[in-house]
Structure formats: C-alpha cells, structure tokens
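Okay, so subunit A shows up in both of these, paired with subunit B first and subunit C after.
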Partner chain A sequence: MISRDKILRTFQHADSQFPSGAFAFSQGLEAFSQQQDRLGKFDLWNFLYAQIVHRWASSERIAIIRAHRLNSDLDALADLDAEVEASTISEPLRVGSRRNGMGLLTTHERIGTPYAKAYRGMVRDGKALGHVAVVQGFLWNALEIEEDGAVLMSGYQSAASLTTAAVRLGLVGAIDAQAYLTKILPVIAQVSCSPVSENEPLRAFIPLSEIAISLHGATGQRLFSN
Partner chain B sequence: MNVSVQHSLALKSRIGAARVGIGGPVGSGKTALIERLIPCFSRRGVSLAVVTNDLVTAEDANRIRRSGLIDPNRVAAVEAGACPHTVIREDPTLNIAAADDLEARFPDVELILIESGGDNLASTFSLDLVDWWMFVIDVAGGDDIPRKNGPGLIKCDLLIINKTDLAPHVGVDLGRMEREAGEARNGKPLSFTNCRHQKGIEEVADRLMSEVLFR
Partner chain C sequence: MNVYWNGKSGPPVEQSVERDRRACFDLSFCRHGDRTILERQYVAYPFHLTRPFTLDPHIPALATIYQQSSSGGVYRSDQLTCQIKMGARTAAHITTQAATLVHDCYGQPAKQSTQIVIEEDAFLGLVPEALVLFPGAEYTTTLDITLHATSVLMVGESFTEHDFTTNLRTFEKYRSDTVVRDPTGRLLVREGFEIRGEDFASATTPIGHFTIVSNFLLLGNRARLPANDTIKNIAARGTDCVVGLSELPNHAGLSIKVLASSAAVTRTVTDDLFSAVVQSAFGKIPQKRRK
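Right, the complex of A and B next:
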C-alpha cells in the first residue's frame, strides 16, 4: 500500500500550482483554434484525444518511463534527452519542451530536489537538453514517486494543461472543461497500461496539429508559447 | 531517504544581477518607462538586460529591441499564457529561467528589468523572481485609482504615476492623487513621471541606483 506521505507528495507535484512554466504552452491548441479557416473546424475532444493517444502515450510517456528507470544516471539522461530532441519534428514543440523542462528544473533546484541542480547545470553548459518529459521522469524518481504514479501524473497534467488552455482561450467553460477531463481520464488509464521495453522508441505523429503550430502567431494573437 | 524532510525553503540568497519588476495596467507606460530608463543606466555605466512579458504579441519586446537603445540580444520575451499575473507571481519559473539565461550569456549584467504584461491593480511580483518592483499607473486611468487600494499599488517598492502632462486634460488633481496614494501606501515612496517628455525619469533611476544597486 502506498503511504499517505507518498500520496500527498504525488498531489503536490501533480498540482498545476507547482511552478513549472507549463501554463504557457498549449501544444498547438491555440494555433489550431485560430486557423479553422485553413485547417477545418476545431474540436476540443478530437484535439485532446489525439494529443493523449498519438503523442503523450507513445512519446512523452515513454520518455518519462525510460528517464525514471535510469535512476538519476545523468549522462544516460542526457542521451535520452537527445533522443527526444531527434524524435520531435516540430521546432516549436522541441523548444517548448526544453523551456518547460528548464522551468521545472528551476523550481526543483531552488527547493533542493536531488540531482536537479546538477542536471540544470548540464543543460546550462550545453551537455543536456532538458526536455520536460525527461526532467519529470528523473525528478519524480528522485522524489521516490513510483513509475506508475509518475506516468499518471504526466498524463493528467498533459490533459489538464490542454483543457486549461482551452478555458483561457474562451473555447470552453471551466465547468465544461471538467467534462472533457472526465472523458479523457479513462483513455489515459488505458494507454498507460501498454508495456514499455528497454530502449522503446519515441513516436509521435499528429500532422494537423504540427501544421497548426508552424502557423502559430499568423493571426497576430499569441498568448501561448506554442 | 525522506524526501519531504530534505526539501527546504527555497534559497533566497542568489549571486547575480539585481532583478527589478515593472508592473501595472495596460497602457500605463511600462515599456515607455523602460525606454527612458535604458539611456539613464547607460550614462551611469550600469550593464542592463530586459525581460518582457507581452500578453498577446511580442510587441513590447520588439519595440525595445528595435529602439536602438540596447543590444537586442539583451532583450528576452516570455509568453504569459493568457495570464500575466501567473508568470510573475504564481509560476515565475519561465521568467526566472529567462533572467538566468541573460546572466549566463552576459556575465557583466548588473540589472535586469522584468516588465509584466498589462494587468489589473491586483497584480504583484513574486519575490522568487524579483528583488524590488515598481507599479506604474497613469493619470488618464482616473485619479481614483489610489483609493481602490489594489495590492499592486500598495505593495510595490515604488509607485509611479505616469503621464502627468495629461492631468489638466482629464480633470485630475495631481496633489490629491499624491496625497491619497501616500495614504494608501502608508508613506511608501511614489514618483511622478512624464515619460513622453522625460520628466521624473532621472529620479527613478537614482532611486534604483541607491536602493537596488547600492551605488
């Protein structure tokens, strides 16, 4: 049985109140919702589902699990970081992931999480890239959050950050957003069960979303980083 | 390992450039104030960098970069994710990272000005992000603003009331505004500026020199 202490720690680090910079990224949601005349009607559920199933489950989740299993081997984490970089075709997504990772490292360095300062130093020195999924995986391992817990935290945060962005953009009401979250959580639970082998490759392919990201800012409005 | 015990309060001591926040409502003159302060600090030999938090575009960052007043590489833009107060208060990590990056790229930098996106009177800066902060309002916003007791206006280290030249045109009594702002702030300092005509700017720079840079 998981201890109450560990459950509370999981709440703390899964909470959107934990400073990580994640609020500034919409993963193409803002761009897609602005480009409906070129890309077709924006549908929040379809967007959310695609992001969870075709990106998070097959890419970020894999990176988190592999980072978690590396047990703070910082050089091996840097190699995994390079793999995330190489497998993320869209530049705004790559840059956003690195900035988000650096944001998370910034907080963890200040509160003294093991290895955060050392890895942030490696990123600063150009020896690592600091993608957010890698950073989450190794920091949550250092905090003794189990692998399954880390995966579910990441899945929840990915979905919640998208619905939050949709609320801020006025695409959906705050209460309706909870209905979308309620609907996506079983999907997250289901795809989280898929086993991950050693050196499992990272895969993500949502072409319409990546086209939207490449057009981000074309309308003159850019509230989010990507 | 008991991780919860190992965690400590965030370290407050930091070696590096002083970080000064500039907050205030949309259109109050935050960017104009920075544009006026840059030459003041240049004359005083202070190595400067700027972080902007534009709300919707990169307008403010681009304006400062194109001003010719500062090396454009010393100006960083951080998106506010539709929430200008979040990026300076609840989650300032992207701004901290941007300031850290400027310090790493320009080791001589002594002062980093961090401009908030335009916000309401309740916006305040986290002291995780800045060492000292100003809040800019303007007379055209109404002389009743000090009476509204917004946390931004009350808690800042220096309140700036800008666009004083507009006072006669919008029926604002500057003396009353000063008195009421002083009462709301319990005597904490305030400055009147007119950025368009460069009035009051040197006094603001002098205050930053003495209270922030200790020079």
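Right, the complex of A and C next:
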C-alpha cells in the first residue's frame, strides 16, 4: 500500500501550481485552432484524444518509464535523452521539450530534489539535453514515486495542460474543460497499461498537429511557444 | 487463418525460413566514369527488376530503377527485405510504377525491412508510390540507414486505406520505423509510428479530413538539399493538401509531412519534391518519370 506521504508528494508534483514551465506549451493546439481554414474544423476532443493516444501513450510515456527504470544513472539518462532528441521530429516540439525539461530541473534543483543539480549541470555542460519526459521520469523516481504513479501523473498533466491551454485561448469555458478532462481520464488509464520493453522505441502519429505547428511558425502573434 | 479459393478456411501456414531468404531486393551501385552502374544485384520473387535507366541525359550519373512486384502486392506473412548500397559518387532514383496493395493478412502480419548504406558524395532518392492498405492488412516497414555526411538521401513513404469490399472494414495496423545513423553508428534520427485502421478511419483520426499520409526525409549534406523556401513554394502550390516542414534533429536534414485528399495531389507533391531535391543536388531539373 502506498504511504500517505507518497500520495501527498504525488499531489504536489502533479499540481498545475508546481512551477514546471509546462504552461508555455500547447503542443500544437493553438496552431491548429487558428488555422481551421487550411486544416479543417478544430475539435478539442479529437485533438485531446489524438495527443493522448497517438503521442503521449507511445512516446512521452515510454520515455518516462525508461527514465524511471534507469534509477538515476545519469550517463544512461543522457543516452536516453539523445534518443528522445532523435525521435522528436518536429523542431518546435523538440525545442519546447528541452526548455520545459530545463525549467523543471531548475525548480527541482532549488527545492533540493536528489540528482537534479547534477543533471542540470550535465545539461549546461552539453553532456545531456534535458528533455522533459526524461527529467520527469528520473526526478519522480528520485522522489520515490512509483513507476505507475509517475505515468499517471504525466498522463494527467498532458491532458490538463491541453484543456488549460484551450481555456486560455477562449476555445472552451472552465467547466467544459473539466468535462473533457473527465472524459479523457479513462482513456489515459487504459492506454497507460500497455507494457513497455527495455529499449522500446518512441513512436508518435500526429501528422495534422505537427503540420499545424510547422505552419504556425509563419504566423504572427501567439500565446504559446508551440 | 488460411482462406482457400472456395471460401473454406484452415489453420495458418507456417512461415518457412527458406522463403524469408528468397524475398529480397539487393542492389549495390558503383561509379563507372560519369555513370552509375549496378555493381551487384540479387532480386528474388516477388520483386522484379528490368534494368537501370538513364532518363536524364544531362545528369548521366543518375540511374533510375523501377522496383517491380510480380505478385500483385503484399500478402500475409510476406517477409520482404531490401538492401541498397550506394558507393562513393553514385546516384540513383528508386521508385515503383504504381501503388502497392497490401492485402488482408488474416492475422499473419507482413513485413518489409530495408537497409541502406550510402558512402561519400552519393545520392539516392527512394520514393515509391503509395501503399494502399486493404481491409485486414497488417504491415510493418523498417528502414535502417547509414548515411555519410557528404551525401544526400530522399526517402518517402505514403499510405492510405481502401475498403474495396465496402463492408466498413479497414486495415488492421500499419507500423513504420526509420533509424538514421552516421558511419560511426551515432544515432541521428529515429522516427516511428503505429496506427490501427480503426483509429485511422475514426472521428478522432490524427489526420483530420485528409485521406493520404506522406512522410519524407531529406537527409545529408544541407548545402545540397533544397532551401526551406523552395519547399514552402511547392507546398503553397498544392491544393487539397497541407504540408509541414521541420528541421530534423542533429542537423540531419529536413522532415516534410504531407496530408492530402487525393492520390493525384500526393503524386504531384512527391514529384515536385523529388525534382527540387535533384535540382538542388545536381543543379539540373530531372525529366518527369513516366508511370
């Protein structure tokens, strides 16, 4: 049985108030919603489902689990980081992931999470890249959050950050956002059960979102980094 | 499951190792004067090869190969292997004459594994026509590339589904894994995806209202690859399609993703991209390939 202090620690690190820097990224939601004339009608549920099932479950979740299992072996984490870099084809998503990871590392260094300072140093020295999924996986392991808990935290944060972005962009109201979140949680629970092998590759199939992000680079004002 | 001509079915046929070894398309190119020639070839059923063509008199180094199939597509349990070696200063365009059909696999997936080795100052355009995934098709393609930094490689894949039975059945699964390394073995790019037919055809499909997906990687020497503006101009010309362009990790080149609503649009964009890549690498526009 998970101890009560571990459950509370999970709440703390899954909380949107935790300064992780994730609020700056919409994973293409802003880009898609602003280019409906070219990409077709934007539907928040379809977008959310595609992001969770066809990206998070087969890519981000894999990186988190593999990082978690490396048990703070920093050199092995740097190798995994390089694999995440090679596997993230969209440049804005790749750059965003590194920025987000560095933000998270900085916060954890300041609150004294084990290994955060050492790995941040490696990123600064160019010995590691600091992708957010790798950083989450190993830091949450260092905080003694179980692998399953780490996966569910990541899934929840991915979904919640998208619905929050939708609210900030005025696409849905706060109550509707919670309805979408309620609907996606069972999907996260289901896809997070799929087993992950030792060197499982990262895979993603979100071509419409990636094209939206690419086209977004040419547009003017925007709220989110990607 | 094995389905016979009279509609009866039986247990799956065991895949023999012997058959695996035979289904290959193995080509090795070398430079001879100002031309690229086939140094070695081993092509076995279901693959078929006539001979290399020189379709561009003003680019004599560029050989064109039509990879053909004498079987009518990809079938259950097919284990196809391709090996392509481009020697120093060689250039080739390998394509197919028409779309490749992937038939119902009845639970016995088919696979194609391709290995490409490209030595210095070489050029390869591996741009087959689209895969058409029939109901029940289950297909995995893997592509392992070793690329010298001075060379240029364009690889493309396109796929769509077609329910010819109109029974509202779709393909089972399509998986694609591409790994690009430099000659020292350093990982540059690893792109993979897997999509089930039911997700491809659902309301929540990650391709929106489009029907054909294309992925292109333009890899290698950035100075010999088309400028981003050239690709954006090609994208802007296309109607009924959207095109996304991104710099690949590790300065490996460019990723181009295309979603289109018709095969004709996909072919036009593919041809235009190939033409731009050849023009950028050789300074001359290639002839249009007749298919």
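FYI, the second predicted complex is superposed on the first by the 223 of 226 C-alpha atoms of A that agree within 3 Å, B and C clash if a C-alpha of one lies under 4 Å from a C-alpha of the other, contacts with A are read in each partner's own complex, and residues count from 1 in each chain.
In this text, a contact is a pair of C-beta atoms (placed from the backbone, for glycine too) under 8 Å apart; a residue touches a chain by one contact, two chains touch by 3 or more.
These numbers come from a predicted model, not from an experiment.
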| item | value |
| --- | --- |
| Partner chain(s) touched by A:Glu144 [first = subunit B, second = subunit C, both, neither] | first |
| First, second, both or neither for A:Pro114, with subunit B first and subunit C second | first |
| Partner chain in contact with A:Ile213 - subunit B first, subunit C second, else both or neither | second |
| Which of subunit B and subunit C A:Leu202 touches, first, second, both or neither | second |
| Subunit B versus subunit C as contact partner of A:Leu29, first or second or both or neither | neither |
| Contacts of A:Ser87 with subunit B and subunit C, given as first, second, both or neither | second |
| Which superposed partner A:Gly40 touches (first subunit B, second subunit C, both, neither) | second |
| Partner chain in contact with A:Asp5 - subunit B first, subunit C second, else both or neither | first |
| Residues on subunit A lying within both footprints (that of subunit B and that of subunit C) | none |
| Interface residues, subunit C side, partner subunit A - complex | 175, 177, 187-195, 199, 203-210, 213, 215, 242-250, 255, 257, 259 |
| Subunit B residues touching subunit A - in the complex, by the definition given at the top | 1, 3-4, 6-11, 55-58, 78-83, 86-87, 90-94, 96-97, 100, 104, 128 |
| Sites on subunit A touched by subunit B in the complex | 5, 9, 17, 19-26, 99, 102-104, 106-107, 110-114, 124, 142-144, 165, 168-169, 217, 220-225 |
| Interface residues, subunit A side, partner subunit C - complex | 38-40, 45-46, 49-50, 53-54, 58, 82-83, 85-92, 94, 201-215 |
